[in-house]
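Each structure below appears as structure tokens.
Heads up, the next two complexes both have subunit A, just with different partners, subunit B and then subunit C.
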Partner chain A sequence: MRAAKAGAAIVAAGGVGLWLHDRKGPSANTVSETVSLPDFSLPPAGPKMSIVTGADRVKTVNRALAALGGIGRFIKSGDRVVLKVNAAFASPPALSATSHPDLVAEVTRLCLRAGAASVIVTDNPINDPQSCFSLTGIAKAAESAGAKIALPTRSSFKPTTLADATLIKDWPLLIEPFHGVTKLIGLAPVKDHNRSGASLTMKNWYGLLGGRRNVFHQDIHTIIFELARLVRPTLVILDGTTTMLTNGPTGGSLDDLKATNTMVASTDAVAADAFGATLLGKTAASLPFIGKAAAAGLGIADFESLNPLRDHVD
Partner chain B sequence: MWTKLTAMNIVTVRRIAQIFFFALFVWFCVVTSVGDRWWQLRGWPVNWLLQLDPLVAFGTLLTTKTVYAGLLWALATVVLTILLGRFFCGWVCPFGAVHQFIGWLGRRRKKHAVRVAMNQYHNGQAIKYYILIAMLAAASGGLLAEVLRWPREKPVMGLVVLAASLILTLWFATRKVVSGWKKTAEWFMGLLFIGTALGFLVRPEVIVASSLQTGLLDPIPLIHRSMNLVILTAFDGLATGSRFYMAAWSIAAVFLAALLLNLWMPRFYCRFVCPLGALFGVLVHWTPWRIGKRQGECSGCELCENNCEGACDPFGKIHPHECLLCMNCLRACRQAQMTYGPRRSAAGEVPSPGLTRRGFLTAAASGLAAVPAVRLAGLLNQNWNPGVVRPPGALAEEDFLQRCIKCGQCMRVCPTNVIQPATLEAGWEGLWSPILNFRVGTSGCQLNCIACGNVCPTAAIRPLSLDEKLGRSEFEERGPFRMGTAFMDRGRCLPWAMDKPCIVCQENCPVSPKAIYVREEFQAVRDGARTITAAAADRLTLDGAALRPGTLGTGDYFVRLENAAAGERRLIADNSGQDLKVAGSWPAVPAAGSRIFIEVRLQKPYIDPARCTGCGVCEHECPVSGLRAIRVSAENESRNKRHSLMARA
Partner chain C sequence: MSQSCNEREWTERWVGFIILLCLAGIAAGIYLKQFSFNPAVLVATVAAPETAKPVSSPSPGETPSTLPPELAALSAPETFAPDDLFNKIDGKADLYLTAGFVQLHCQRFALKAANDVWMEWFVYDMGALPQAFSVFSLQRRSEAQALDLTEFAYQTQNALFFVCGRYYVEAVTAMPTEPMMAAMRAMARQFVAANPPGATRIPELKLFPPENLEAGSQGLQMADAFGFDRFTNVFTAKYRLPDGATNVEVLAFLEMEKTSADAAALRDAYRSFLLANGGKETESQDAGSTGKPIEFMGNIEIVFSEDNAVAGVHAVPDAASAAKVARLLADGMRKGKNE
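Right, the complex of A and B next:
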């Protein structure tokens, strides 16, 4: 009996040893499992861009969406929607460094009214996420309008690789909030940005990156361009009610701000950004990321050629 | 008569084996040095003893689910141990041989009764099993996390967990660990809950993780490390100047303590501490051949315990898992009572190492919990220490810590002595693991050397090819293997901060094109703005404080007329207290009263992070010999993409 047990132990040890024998050792690069973001854009039909002036965000965004055919053109019953806001900094809404809570709440309401099953508001901010979402007023406004806040945690990110990219290779992407999601709307304020020249709707996708993404500041226009390739939204809303003209992207003083009273809704993020540049007193040509995105066919830099629908509400 | 004769012989044979393996061990350590002489590395199987060590193989098996290359040798040890008993401890282990020798020295003149008393089984001998359990538990965290994740990620495997829980409960019930239906049902529900539900409630991979710490006390890595970094260092010091090892003092302290304890109790380390011995103790549970007495009653002289190495009580109820097969009892017994064979000792056997369930669970839980506890420091995440520059080919830190056994082979083989045992630079887990210290040794990491990864017995440092290290041929696109990056400390650099020409770092940068490049700059020296009082074709006389004669004629100093075009300056050939001798002649002799500047030509070094491999030759050569003006830290290291400095990898 003892000998049999000893024999069995030898066979077991030998079996395991030989089965798991590894002659070569570990290889250089362990390719991690990658994820990708679905294309949320809709087939081109109807107007692509609307520009509405006025000081009241709730009114201008409603009018801008109505001009494009109403929110119902984009959000159908049962849709699960992600609102990618800019919640980058833990600063109050008055400083306009982040998406305005009134706008987040209104877009949430519009989506839910159009029949959306759920609205998730997310961002991977630069400052502490909890503080960012609460101090910007976004959390409270979004939740009271019926949205859920998805704060990023370590497990919210999975590596992604963009085909033919030079920068987005095996890089952590904020993917968890996108589980089961069918529509993506980008909500971005208009801000000065010292490194890239402007922080608009395409730069806003930076907040979907994880890791030490700041290495990409070495090549800011390429990363914004690659983000525009990676993220294909249903719709972008560019809030130029207040524009941060200086000291961006953090601002910090009311002196950095100017009332520009404009709201843009567009299915073409390149066109939206090209228009946004004008609010900053710049041109699309002076912002290389716009040129790169337009050259790659991601959108139209000459936004006037889209014949944007213009309106005004008091 | 026949038995007595063979018994006498077998002790002699055992001694020969011990001397042979000890000599082999020393030889392998000695030849672990780069070179092709017969006493150098060549093809000697210098890791053979480490590979025979099943704790190395089993530990890395738990952490990596693989048995790397030569570690398969451990299978031979396991098979022989299961068949024969702990022959490795008594016959092969070089650390055991040293203990045995010192123990013998210590008890030589002691009386029989004292010696017998020294060799009695002590309950504390169970401690080594607890040490083993804690270390193996620490190595199993990752595996546990994976199993706990099964039900969430692979529902089919959830059924396996269900079945395993059932089998385990039934096994517990038959072993009478639990009794009664109610208790059994509770255990089953408990196991099922842990096995299936836990993975849904928490993320086990965030909480538990593997860390291989067996090398701290595993005798084979321990004696390799001690020989490599402490004892041989003394001899190398005589031969080649000197080798230094940062944490060697602590390695020496553990080694010395383990040796000296033999004077108090023979084989103290083997009996109380050795986790490898404990592993063997488990393996011999069903060993068919073992030491025993022929008859329950004998004359009671206890000569068998006079020199009993394992303290396994051969006179009374023997502890077979403690027996080291030293065979001393066989020889000592004058009545040929002692045998080595398939029979159970007539005086009885103690069937198990005497662990308590509570002790087992405590040790396992402690080992498992210790890993996440030390990792709270965040050294594997945001708080990683850039001072930990690992050798070329080292795996990413978490994988590295699952393989490194702290044997010191890489440090011994490193021809430049740049690989050093860490103290706490890499945290508690990284104690005695290899890090690079560029100030120590004869140069940084040598460009064309891949010795460390090729000697590493566990592939904690991967065996790189030269092509891969240098980023040639098929590795061209990926570029060279980077250990880190050199950074300039401009406040300490002679040209940057002190107007002194230098660029030793740039000259010594071994990659081509060089990772260090320079920008030339002419800088007016301190008190270098002067007025000409008199001038000749090749000579200027200046006002102001006297110059130190000869100091400006080094070839690095120039004179520039205040109003001359940029770039139009003359090399100073020599100087006296008030005069400058200028090389070449002026187009027009400057007028007295015109202003000039004495300038030094500086080449200021810069670093190209795409080319820098972090080899540290620059840091080693920097003339600022204390805190160097150029220093390598681990940013941009190839082994961890998340430490990249560059947007384009």
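Right, the complex of A and C next:
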């Protein structure tokens, strides 16, 4: 009798389990609220790229922007601007692992002078953002120039999905600093990278991802390409004043660095990165993410075909 | 007796009923929870910023128990495991993970006399000496100056890098004043004293013949060496041949297998890999026991096996230099084996 009862209980439990079993599993899009970034790019008009040589990044960035028609071409009165910097490491500016504070401050000043209502400087360094922004000198420089620092918190992220993407599906995106923002400028240093071969302007968008984004390192070129599809900036500025030639992206030794004294401003991130590759002694063809982005029509890998405006400042 | 049986039966029934009730509660909870399940948000919650884990009591011996008197801690010590190493070093984490990384301890220290002059101290526990040597060798700076600290140690103008047993240690400052560099060296010596590297050596390195060997050029690649996924423990060394004005640099390599049959199989697999990817066998009178060289992407590759080792030269611009170093290596390995 007891065996029969136990058997009946097992059958009943099994039946309930079968009834509750969801054969399909959770759908990838179970989220009611997903977000995406607006397209911050401007309609094509005027030159797309400038390359200015010189050791003083404040002078070179001014000249590079002037060559493109001035900051006023990109920033209008009342614009709310995000500067996406590279503040990935709690590393001092001398090691060139992060965006240089002098450049962040100068671009902030230029945006405010052009009439921007606000400038927000942000990145998601993952590890102790406060230390990263502080020790890189970015926080102090940006704030003294009039920008606000947006440190990521848990509530700063919302899931995003990129259409037809392989990797960016329902993935946390740093979105909070972009509320009400009208323009986006990327400020990236030129660095060697252990996985991707190079860390340039498109790789810089990696800092907008949350979650355990290191999983993307297994397919680094695809994630950079998808980020280039996801993020359409107003302008990118590639700082090759000092290039981290080896042991990137962290570096550590001053011997990893070389003075390459070049500043690039471009509305075409693919072209900027293709040029950046040359500062690393590489070619665009050797960096698959550039080829993928170019093939998808996100920009021009043959940057010379854009007739970049070249100049030099002492 | 019968009453006792009845009581037990009732007790069992009630216990069973309570257990079933608990299971039903859990099932209901899971059923309700699945409607709000979102993997992305879950990930965001887990890996949101501020994930650094300050360690109140670092493992003894890994962070120096006493600092040089001129230094003071500037930050709390942190520790990172394989699953969160990327939080600290992002894209460089893979380099360590593929080499067997166990744990990272790091902390910032400043000069007491000048608080704005600071350095960061990184101790990577790589589990064993070869792994520590691997990450050391893969990042060696070309401008390195030898440092009299351990067998594998150097300094650059702003940093120290060394292997101490299972640990790979970096001390990095952006303000390389002489007091700071001296304090870093003192801290390094203290670390070595507290963690004696012992007598363990890497025997494979002794198999590279010393003639024309570039000092400090030995390395160890623990994954996908030369793009070949079966090369997972490849020791390398650079040779510079002073032939005329060319001064050719040749990269020699070797990997130890368990048996000579394994070594021969790996040798053949690498040859097949090269040939399958566009390599072509060339004739060489100098090749001897090192086999026919393969021309691959404009360079020369030679691979041979010697007892339980696979060895050769990689991406050498000219055939004569390749053959010369391959012969040197083969002779050196035979000699080293007999010593």
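The definition used in the following text is that the second predicted complex is superposed on the first by the 282 of 314 C-alpha atoms of A that agree within 3 Å, B and C clash if a C-alpha of one lies under 4 Å from a C-alpha of the other, contacts with A are read in each partner's own complex, and residues count from 1 in each chain.
Heads up, the rule we're going with is that a residue touches a chain if its C-beta (ideal position, glycine included) is under 8 Å from a C-beta of that chain, and two chains touch if they have at least 3 such contacts.
As the structure is a computational prediction, the values presented were derived from the model and not from experiment.
S.K.: On the A-aligned overlay, A:Asp170 touches which partner chain: subunit B = first, subunit C = second, or both, or neither?
M.R.: both
S.K.: In the overlay, answer first, second, both or neither for which of subunit B and subunit C A:Gly69 touches.
M.R.: neither
S.K.: Look at the residues of subunit A and decide whether subunit B or subunit C touches more of them.
M.R.: C
S.K.: Quick one: classify A:Asp219 as touching subunit B (first), subunit C (second), both or neither.
M.R.: After superposing on A, A:Asp219 lies in contact with subunit B but is clear of subunit C.
S.K.: In the superposed arrangement, which partner chain does A:Pro38 touch: subunit B (first), subunit C (second), both, or neither?
M.R.: Neither subunit B nor subunit C is touched by A:Pro38.
S.K.: Identify the partner contact of A:Asn124: answer first if only subunit B is touched, second if only subunit C is, both if each is, neither if none is.
M.R.: In the superposition, A:Asn124 touches subunit C alone.
S.K.: After superposition on the shared chain, which partner residues are touched by A:Asn194: those of subunit B (first), subunit C (second), both, or neither?
M.R.: Touch partner of A:Asn194: subunit C, not subunit B.
S.K.: For A:Ser253 in the superposed arrangement: first (subunit B), second (subunit C), both or neither?
M.R.: A:Ser253: touches subunit C, not subunit B.
S.K.: After lining up the shared chain so the two structures overlap, which partner does A:Leu95 touch, if you call subunit B first and subunit C second: first, second, both or neither?
M.R.: Touch partner of A:Leu95: subunit C, not subunit B.
S.K.: For A:Gly15, decide between first (touching subunit B), second (touching subunit C), both and neither.
M.R.: In the superposition, A:Gly15 contacts neither subunit B nor subunit C.
S.K.: For subunit A, what residues appear in both contact lists, the one with subunit B and the one with subunit C?
M.R.: In subunit A, positions 9, 13, 16, 20, 22, 26, 154, 170, 211-212, 217 sit in both the subunit B and subunit C interfaces.
S.K.: What residues of subunit B sit close enough to touch subunit A in their complex?
M.R.: Touching subunit A: residues 57, 61, 64-69, 72, 74-75, 78-79, 82-83, 203, 206, 283, 286-288, 342, 395, 399, 459, 462-463, 468, 478, 641-642, 644-649 of subunit B.
S.K.: Report the residues of subunit C in contact with subunit A in the complex, numbered from low to high.
M.R.: On the subunit C side, the touching residues are 20, 23, 27, 31, 34, 37-41, 43-52, 75, 86-95, 108, 120, 139, 141-144, 156-159, 161, 170, 172, 174-176.
S.K.: Along subunit A, where are the residues that touch subunit C in the complex?
M.R.: Answer in residue numbers: 9, 13, 16, 20, 22, 26, 30-31, 88-95, 124-129, 131, 151-154, 157, 159, 170-172, 193-196, 199, 210-214, 217, 220, 246-250, 252-256.
S.K.: What part of subunit A is in contact with subunit B in the complex they form?
M.R.: Residue positions touching the partner: 2-3, 5-6, 9-10, 13-14, 16-18, 20-26, 28, 154-155, 166-167, 169-170, 211-212, 215-219, 222-223.
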